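I've put the structures underneath this note.
Both of the next two complexes hold subunit A, though its partner changes from subunit B to subunit C.
After this line comes the complex of A and B, so read on.
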């Protein structure tokens, strides 16, 4: 019995870790959708860029890779702002099909640029804490995963405070709730679009750093699957809902790992979409979605 | 109206420029290899130059170029029909690491480039998708990868023109199982005081693909066929390209294996090994297979792979002490000089494939496809880089597969490079050093 509890605790822990990466990715995606109502299939590429920026700074500076969040997050914010300004602003409001094709194009551009700069070989980095383990109930878990979960919680709290306690955050929320109303109140919604896109990309970049630090391999083509799962999560959680992205991310992280444990790893990706279908049948607006989404 | 006219004019000009540019570029080919040369032998090289397997693809293409350059520098391939030598002209076909990409590349090489012969081919899934096109067009194809027996023993296509210069999944599984039974099982039983009859507990962690399933089937079938005291206590699959194995390994750990038999690609083996030892806390041996014997593995995996074992056929750092040693050393050195890096297993096999093609064409006396096919079927080439059964590259009459002398290396930390390095521990005929069971090792059951 004790053995089963130990194993289940371990699987829950891996689910929480996976959930953290998904939460950061999906929160950014949902923030962008909430404000701009655009579908950005290239969101996974921001995660991929985050891994490469972390890798490059790690190789060049030898800094603790967790500290490099201070590099990947702001750099990705800037990349996000540039992407919004150059690629999405011109086609905003011209139809969903244009947004989809632009985002698909961005995927190829980012992938090829990264492959050109860093080659398309698989890369990996090692955490300085890789040999330290901590007890979690009856299981021993590497310290890195506690740090990753802690950082995710800190980022989410920071995002919450930014959105609720600052005038910029309130302006973003106002734009998300009623774009025309926000404009009438004097909010520069285009600036809010740019900022939101930047924050969304930054969150994906942070997910990329945590992905790399946890010892997972990455190459220029690794962003697509996490992005697709990110979409599944925001639909499950409810389009535009940050709380939905957090709950959805945890559900998918845990479900994937329990499926992998019981049915095998080949079913891991399928379960996300099985849950998605069930949620769409039972509650088409998602767990936390409003009626108008 | 005036603006419309301008737009049309601009578009027309753009189209003309595009056509001119495309016309110009069609005179060149990848790496500048399709320049027109009289009396050339066109060899198509199927390699994944883009997509997830692009590292292997470059290895294939560069090694093929190295072989072709060596042959051409000696005047080329002698064609008895015309009484003189012809140069080899390589034509690249990028399969884009996908089944569809492979089909497009092969179709283009056959119908547009009109190649005389094909070499290369990586991944059972990709090769199985374009095999039929090659078979239908009756082009001799020396396949250097695609180890699944589901590829080489297909009954639904004509295999006459297909030749496999690689060990199949049965061959590599057999070598791995014999090593486990000959070496690992006695070492565990002796160290922990188990009876000699105690069977070895093996967990197979495999990629959910023809390659992975082929290995799993081979392990299950050969254990029974060879009546080996080995029990498969768990078999856990994962999706191709997976990088999070934590839960899969937790599941495997609960079955208390003595050894984990990992059927992975390189990008999967590195995180699998790290997560098994570091994250999940497995104190067991990890046995991987030949396709991972690559410099990138040694560079990326770190100290966690110390004492792990790998079944292999060609290694950048462990060259069997046989007649191939000198040539292999030269090949690695030439490759490094030309491309500043190490050649991998697929590179070595493709390099050999170009020489096998040369030999077959010379024996056939021409590039006639039927004659070349017959020469490949009946011919024999002395082993070149990889150690072959009886020292010869000979394709079996039934499935056209060559037979390798496979070996197993154990990884040990090298303090000079701060990377792990392989040391051949099996078979006895090729052994450099003895297999060591590490102090931290814990058997599956007591």
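After this line comes the complex of A and C, so read on.
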């Protein structure tokens, strides 16, 4: 009995930590969806770019990889802004499927530019704290997990404060609530689009750093699956709801780790889609998604 | 729609393409490389047309590799375990994927664009996982297994025979799609795509039609998948890869979404471009080029390559009736 509880709490910690990365991705997707009403299927490429930026700076400078959040986040904000301006702005308001197709193009471009620059071999970096574990009752949890969970909470609180306490954040929220109304109030909604896309990409970049720091391997093609999972999370949590994204991220993170523990590692990716499909069969607009367009 | 004046040009073009496709192997000799490229183009024409058929009902799939791969696996298992000749397994495998397509469609008919795309993407991953884990004793997991070729390689001119066989199959497929779209079903699908609510108001129950297009689309995707496997003679779970799901989308968008000729033109142009770039040794660059091309097409040429002809003729002869478009 003691053993089972230990294993379960171990799995819960893995789930929490995996959930953190998904929450960052899903929050970014959600912000973008809220403001622009588009879905960026290429979001995982920002995550992938974040891991590679962390990797390069780590190899070049040898800094503590957690410090490199200060590099990956701003760089990805800029990349996101450029991507929005060049690829998504021209197709805003055209067919609904176009954003999916544009994302496909972006996925191909990012993946292969990265593959050209860094080759497509699997890479990994080591966290300086990888050998330190903290005993919590009978559970051994790596210090990195605590740091990652802590950083995610800090980023989310920072985002919350930005969105609720600054005028720029309020402008973003206004645009997401009512685009035309925001325009009438003198908000430059196109700038808000760019900014939001940048923030979303930046969050994905931060997730990328956390991904790399936690010792997970990465290659140029690793982005798609986490991104699609991030998207599954916001469908489960309801489009546009940040709280839903957090709940969804935790659900997926936990479910993933419990299934790979019981059914085997092969089911790690498939389980999030099974949950997604079940949720959508029961409620086609998502668990917390009340309004249909 | 189509100008009466354009019709003969169109027919001549189609005739020329068909003639060229028939005579190409004879002109250039049955070289392995050219024939392989041509055969793959034909297979992907079937596959992209199948994907495109789904969009006629207003549904878009990001996971057609599920059907492509299922067709491949089901047919190769039939060939290897039950000893049925490859050609005969094609309709059986197609029917099987068609049924699975309808079942998957059942979960999808109520969903909106993005949700639908997600669910189909998810199914491709779930099926791949099943194949490599629980079904591994039959499917040999990630290693895959060898399959008999469509035309045994010890046959004289086996590749040439295979080319003409697949050519015939793709022509039949395209004719069938054309027939379906001209029929009442095609009109109904268009009505559902344009405005589901209005279609309902005029007494159409959209669900059976959406399921029908899912089934037909899955059927031909499965046939295409089986053909690809019978061409290569080996199957692995890589066939469910994200790439395989994305290719028909890229082909169709570049060619022209929602047109019969779009997938055909797109597949030919992009495949030739792909092979051309490959011969320059641009391994990764070609993905980047095709990605950029895709983005540019969506932004500047939403109708795809098919719409170029219409645009040009409009530009050249500004007769009064060409403004009506």
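Going forward, the second predicted complex is superposed on the first by the 290 of 293 C-alpha atoms of A that agree within 3 Å, B and C clash if a C-alpha of one lies under 4 Å from a C-alpha of the other, contacts with A are read in each partner's own complex, and residues count from 1 in each chain.
Assume a contact is a pair of C-beta atoms (placed from the backbone, for glycine too) under 8 Å apart; a residue touches a chain by one contact, two chains touch by 3 or more.
These numbers were taken from a predicted model, which means no experiment stands behind them.
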Please determine, from the superposition on subunit A, whether subunit B and subunit C clash or fit.
clash
Touch test for A:264: subunit B only (first), subunit C only (second), both, or neither?
both
Return first, second, both or neither, reflecting whether A:203 touches subunit B, subunit C, both chains, or no partner chain.
neither
Which partner does A:141 contact after superposing on A: first (subunit B), second (subunit C), both, neither?
first
Return first, second, both or neither, reflecting whether A:87 touches subunit B, subunit C, both chains, or no partner chain.
second
Taking the superposition on A as described, I'd like to know which of subunit B and subunit C A:109 touches: first, second, both or neither.
second
Of the two partner chains, subunit B (first) and subunit C (second), which one does A:16 touch, if any: first, second, both, or neither?
neither
Is A:273 contacted by the first partner subunit B, the second partner subunit C, both or neither?
second
Both subunit B and subunit C contact which residues of subunit A?
120, 225, 264, 266, 269
Contacts from subunit B onto subunit A in the complex sit at residues 50-52, 54-55, 208, 236-239, 241-248, 250-251, 253-254, 266-267, 270-271, 274-275, 278-281, 296, 300, 302
Complex contact set, residues of subunit A against subunit C
39, 41, 87, 90-91, 94-98, 100-102, 104-109, 111-113, 115-116, 120, 224-225, 228, 231-232, 235, 263-264, 266-267, 269-270, 272-274, 276-277, 280-281, 284, 286, 293
Over in the complex, which subunit A residues touch subunit B? Could you list them?
3, 7, 10-11, 14-15, 17-18, 120-124, 126, 130-131, 133, 140-142, 145, 215-219, 221-222, 225, 257-258, 260-261, 264-266, 268-269
For a test of understanding, state which residues of subunit C touch subunit A in their complex under the given definition.
55, 60, 62, 107, 110-115, 117-119, 121-123, 125-126, 128-130, 132-133, 242, 246, 249-250, 253, 257, 284-285, 287-288, 290-295, 298-299, 302
